[in-house]
Amino acid sequence: MATHDLWTPDRLPDPFAGVAKFLFDWIPLLVLVVGWEVASGRAVSESVLPPPTAVAAATVDLFATGEVIPHLAVSLLRVGVGLGLSIAVGVLLGIGMSQSDAVEDFFDVFLSLIYPLPKTALVPLALLWLGIGTKTAVLIVFLACLLPIVMNANNAAENVDQNLIRSARMMGTSDRRLFWKVVIPATIPEILTGIRQAIPFAFISLISAELIASEQGMGRLIRDAGSIGRYPAMFATIVIISAVAYTAVYGFEQIRERVLVWT
Amino acid sequence: TGGGGGGGGTPTINFNYVVPIENAASLLAVPEIRENLENAGSAYELNVTRNSGTPTSLNQMAAGSADVVMTSTVSFASAVNQSAVPEGLSVVGVDFWDAAPENYDVSVFAAPDSGITSISDLEGKTVAVNALGTGVHSVYVKGLRSAGLSRDDVEFVEMGFPTYTSALNEGKIDAGIYPALFAVGARSEGFNRVFGSADVWSQQYPFTYATASKRALNNKPDAMAAWAEDYAGLFDYVRNNRSEAASAAASHFELPASTVESYFFTENDYHRDLTVDQDALQFIIDDLVELDFIDESFDVTEHSTNEFQN
Amino acid sequence: MDVDVRSLDASSVVDSLKSIYSLVLLLVLWEVVTRMGLIYPYFLPQLSVVIDEFVLLVSSGQMIHAAYLTLMRAFVGLAGAAVAGVVIGILCARNALFEWFFDPIIKIGYPVPVISLVPVFMLWFGIGDVSKIIMVVVGTFWPVAVNARDATRQVDRNLIRSARMMGTGDRRLLWRVILPAASPGIFTGLQIATPIALIITFVFEMVAGGGGLGALEIAGVRGFNSAQTYAVIFAIIAIGLVLDRLLRAARTRLLDWT
Amino acid sequence: MDGRIGISHLEKVYGEGSERTKAIDDLSFDIDGGEFTSVVGPSGCGKSTLLYIIAGFLDITNGTVSVDGTPIDGPGTDRGVVFQDYALFPWRTVKENVLYGLEEAGVPDEEADATAQRFIDMMDLSGFENKYPKELSGGMKQRVALARTLAYDPKILLMDEPFGALDQPLRETLQDQLIDIWGDLDKTVVFITHDVEEAVYLSERVMIMTRHPGTKKTVTEVDLDRSRPREDIVTSEEFTRKKNEVWRSLREETKSEVQP
Amino acid sequence: MDGRIGISHLEKVYGEGSERTKAIDDLSFDIDGGEFTSVVGPSGCGKSTLLYIIAGFLDITNGTVSVDGTPIDGPGTDRGVVFQDYALFPWRTVKENVLYGLEEAGVPDEEADATAQRFIDMMDLSGFENKYPKELSGGMKQRVALARTLAYDPKILLMDEPFGALDQPLRETLQDQLIDIWGDLDKTVVFITHDVEEAVYLSERVMIMTRHPGTKKTVTEVDLDRSRPREDIVTSEEFTRKKNEVWRSLREETKSEVQP
């Protein structure tokens, strides 16, 4: 976070400067949390907005009693399988469409039909076909993640630098090998970008599917806790799933940086 | 979903309920109680899950992932009318009855200081219902009709049953409709009972019942019969061991033991009789058509059977 | 010459056919397969039945009213988020204090699956329009703010320098240079936010009712009327397509200089 | 005199602590009003830094820089900058770009319009008034940038490798146009370039800077009869001689610097 | 002879119908094995088209182009192309890039490694073997591209404005390196450039092309003693004369072309 304009902790010795800067950067969040703690029970009723301490206690409790574990596990499974499928299919489809006109002509119109459709609108349909539960959630996560991945992979594969391909051909690379030696590696950065764009959609669709059509999972837990007035537990569940989403997003960014040392 | 006959292992029955305790069948989920049943675990494997509404359960059945589910009048009739379940479905046992004069029923309560004491006082008021288009909702409409009002004369809001009491106390709603279990709380709060289904229906009718998919009945008849036997056995067991069953259920469903104790299979409970009374069933289906909850009626004998309750 | 023109026309017809043949094929297949009874009608009603249902819902006014409710909620919310997001985004990019305060909040807030707050909003604001609209504001604020902030940060320094050289003061700089220069990025933020606004509205309507396309769609499932669910999805696809085209057209018109 | 630039003991340091870099070290140089001066030097020697200091974009660490005797205090309409990447407002048409400075100066609409049109015509841009920058080639964009700067009539033109991104024939055309304008409008021009030939062809004086941290190394006075056609100038002996002189001086600075 | 290029009545037309553009018109030209030829011409005259035809990337509309008497049929390892934008594989390190052609040729690992290292050393890239292209400056990238092409030992080097994106000092260093390599390795080089000085400095023959559609206009033979230091060459009379000759011929083509 670029806050040099405000405060430059250069005067402190290095390790301290680092820590001080970290603390300084996160003061705003601290302010929010403290504000929330103070407001709760004063400005707003504690049941409407439980204080962070209560939420923290509920979080600990959810883990200590093990209540959240099966829900978290099933949610992670759904997000993982849905995203994994969309990566596998999306990459194949995206690159396939760039390599073959027939494939492109066939799938293009479907992609342009589901492109403008908010994928959560398909939850009821999935429910119809697959009933409630994991299959439905996986299908929705899959569909929501598919497009960014297909589109990024397709774009990248279609726009591989002509001169890279020419160079490879000049050095004796045949059509077949070209795909593995040039097209795929040249496309990887964009594929990873597509996945990165897909992750938030994966979580949105997971929670949506679980709110509407599941008896398990974090979305369901949030809804159940809310409907019987266990508000600290409801907020705690939201905090937990948000932390998971946050970790997924920024963790993936780290991984991408590692993988793409060359970009 | 368990495959066809014998072959590998014991067939699995996927069973779905909605409201714990109220659906007596929900007790099949309680391990201590299931232990006392004859066939579960031997003649068939029982897989119990809970859904948040009867339509969801029926959709599970349509999608092939449930064999027996608890249904109530409106969703059962709609599913039949729309042929939602491939091969069809059949009522195999009644879980509880509504509108039985000597038992508790589905009742509307209002806050003591609201001044609402009769159905006609509800005109123009905000009233809570768990979900529109349900059997519970139909009790309201039936009541309003009886007082010469229509469903448009009140404002319905959808809320979960457990939230009614605080909403009534905070004045967010004027009245709420309570099934028997929750009515225990409403009574102890001192709320006015405005009316109940027994006041507006001329006869009692099956409110919630176990419905099986015909596919399951055809594909694993023995297992289904064994399940039905256990379901009946469950009623016997509970009647004979009321307090053990109540405390096991309360701890399994994490409900206050006192509430369960004061309700469960007592005079505060619904009328419970497993027999599928096809006339009573036909009566309520026809009445729901009358009340505009269902488009058309049908012959219930094609969608219910008493063969398991003899 | 003549031949050239004809072959050109023919090939463009072939092109457009190629691009939709698979859709036509699918629709025909749908009708044929369902008519032959190969798929259980509850899962997939005949296309013609769905179309009938669609026409019925539209002509009875139900679909129109539901669409109105959904779009109203989505767009009132989006408008709120647009104002808040653009103001805060630009302030973050131009003012060190705002940057310090909001940057970590945005960093933490952006990845939160906002949809998980639906039950919270039901608790706080009930299940009416207000609740849904505020939810949309909260859900779409992030992409708008982040895009506005990044676009403002990326305004070419030399543009600002040129303007200053020609006598533009601090105040005027915002209107004369920063806003126009950042407007493509801001618009991108709105384009990203629009489907999110719809997603939130649909899900909220499905969970909490209160009318709208989401409620109408889920009612189809709850009432075992699958044709209704399909018909509503048709409407949603149509709305999605139209919105997407409208946004693109607006972009071309408003930002034809990019 | 109008448009005089005085640079005295200029020192410019970027950054602080471990990131401290001295970009310009003790540079003194005076430019007369109406003079055309080019600045050449190795990459990173501080040419742009110098120009931006004169423009008022950067603070001075030590020394003074003044225009007509007044120390510089931020950007101002007495100077105009032409950037290598044009810095045109992409949301404004050619005409609107050229009008910008006039609008800011509060020139009445009609007068502004006439002035803008004059410079558009001067830069051979007539017919392109309503095009957006994206519709123009690089050379045309640079012409618009020049017209925009000339239109609000700064005394001093500061140009940072303005033709660096253009190809040879375009460069040559624009160079010739620039010479004409300079002759007609009597501006002080400070022109930064990498291209020795360009520097010698255009300017009266070429300042060669040392490599990083930059300061004045040598100054070559060029006295060519610029009314002759380009062919004659570039093939003339005087031109070749000056070019070689600047080239050699510059080469001393760049040679040792280039390593893999 | 090795690396002879024969171009006879070459015609190249892009597109069809209303989009038909003739890029090259009736061009005949022969290049001897081991010769260094530069091609200059106005922008869009077809220089790249010509080069890409020799490389085998483009089909010929009419005429023939042959290498050592065999008509060209697609890309092949007897030729190597160096592009202006380097076209390095970004996911491969310097060493891996240089190894590419050797891998494709099935050269055993150890031998390939030794060969690659030899060219890396030759191009002053030692110590950078494990860097990725993004970590290199433009000049170094171009060195890697050159090493990669030289490593698989094509008879003919085809270079399309290879130094166009680099700044003057870097260009000069690479030009001198290229001359050395050419002297050592005995390759046929076809070198496209916009820069007249570069063309004359490097090559034995400079072909000037007419503007669009391009064909051979004139050919200037340059005979410089390239063993002398650059300073001496570029200030020599012969160099200036040849440069002016090429420059004038080119100017005739470009002058009328530049319009706003």
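The first chain written gets the first letter, and so on, giving A, B, C, D and E; residue counts start at 1 in each chain.
Throughout what follows, contacts are C-beta pairs under 8 Å (C-beta built on N, C-alpha and C of every residue); 3 or more make two chains touch, one makes a residue touch a chain.
In this text, all values refer to a predicted model and were calculated from it rather than measured experimentally.
The chains that touch both chain C and chain E are A, D.
Of the two chain pairs examined here, A-B and C-D, the one linked by more C-beta pairs in contact is C-D.
In whole angstrom, the spacing between the mean C-alpha positions of chain D and chain E is 34. Between the Cα centres of chain B and chain C there is a gap of 40 Å. For this pair, chain C with chain D, the centres built from the Cα atoms lie 47 Å apart. Under the contact definition stated at the top, the residues of chain B that touch 2 or more other chains are 59, 62.
For chain C, the set of residues touching two or more other chains reads 42-43, 221, 226.
Those residues of chain A in touch with two or more other chains are numbered 127-129, 227. The part of chain D that touches chain C in the complex is made up of residues 55-57, 74-77, 79-81, 83, 85, 87, 89-92, 100-101, 104-105, 132-134, 148, 152, 154.
Looking at the complex, you find that chain C touches chain D at residues 156, 158-159, 161-168, 172, 177, 180-181, 183, 255-258.
Those residues of chain D whose C-beta lies close enough to touch chain E in the complex are 42-43, 123-125, 128, 139-140, 143, 167-170, 172-173, 194-196, 231, 234-235, 240, 244, 247-248, 251, 254-255, 257-258, 260. Of all residues in chain B, only 49-52, 56, 59-60, 62-66, 160, 162-163, 166 touch chain A in the complex they form.
Against chain C, in their complex, chain A makes its touches with residues 1-3, 5-6, 25-26, 28-29, 31-32, 48-49, 105-110, 113, 115-125, 127-129, 200, 203-204, 206-208, 211-212, 218-219, 222-223, 225-227, 231, 234-235, 237-238, 241-242, 245-246, 248-250.
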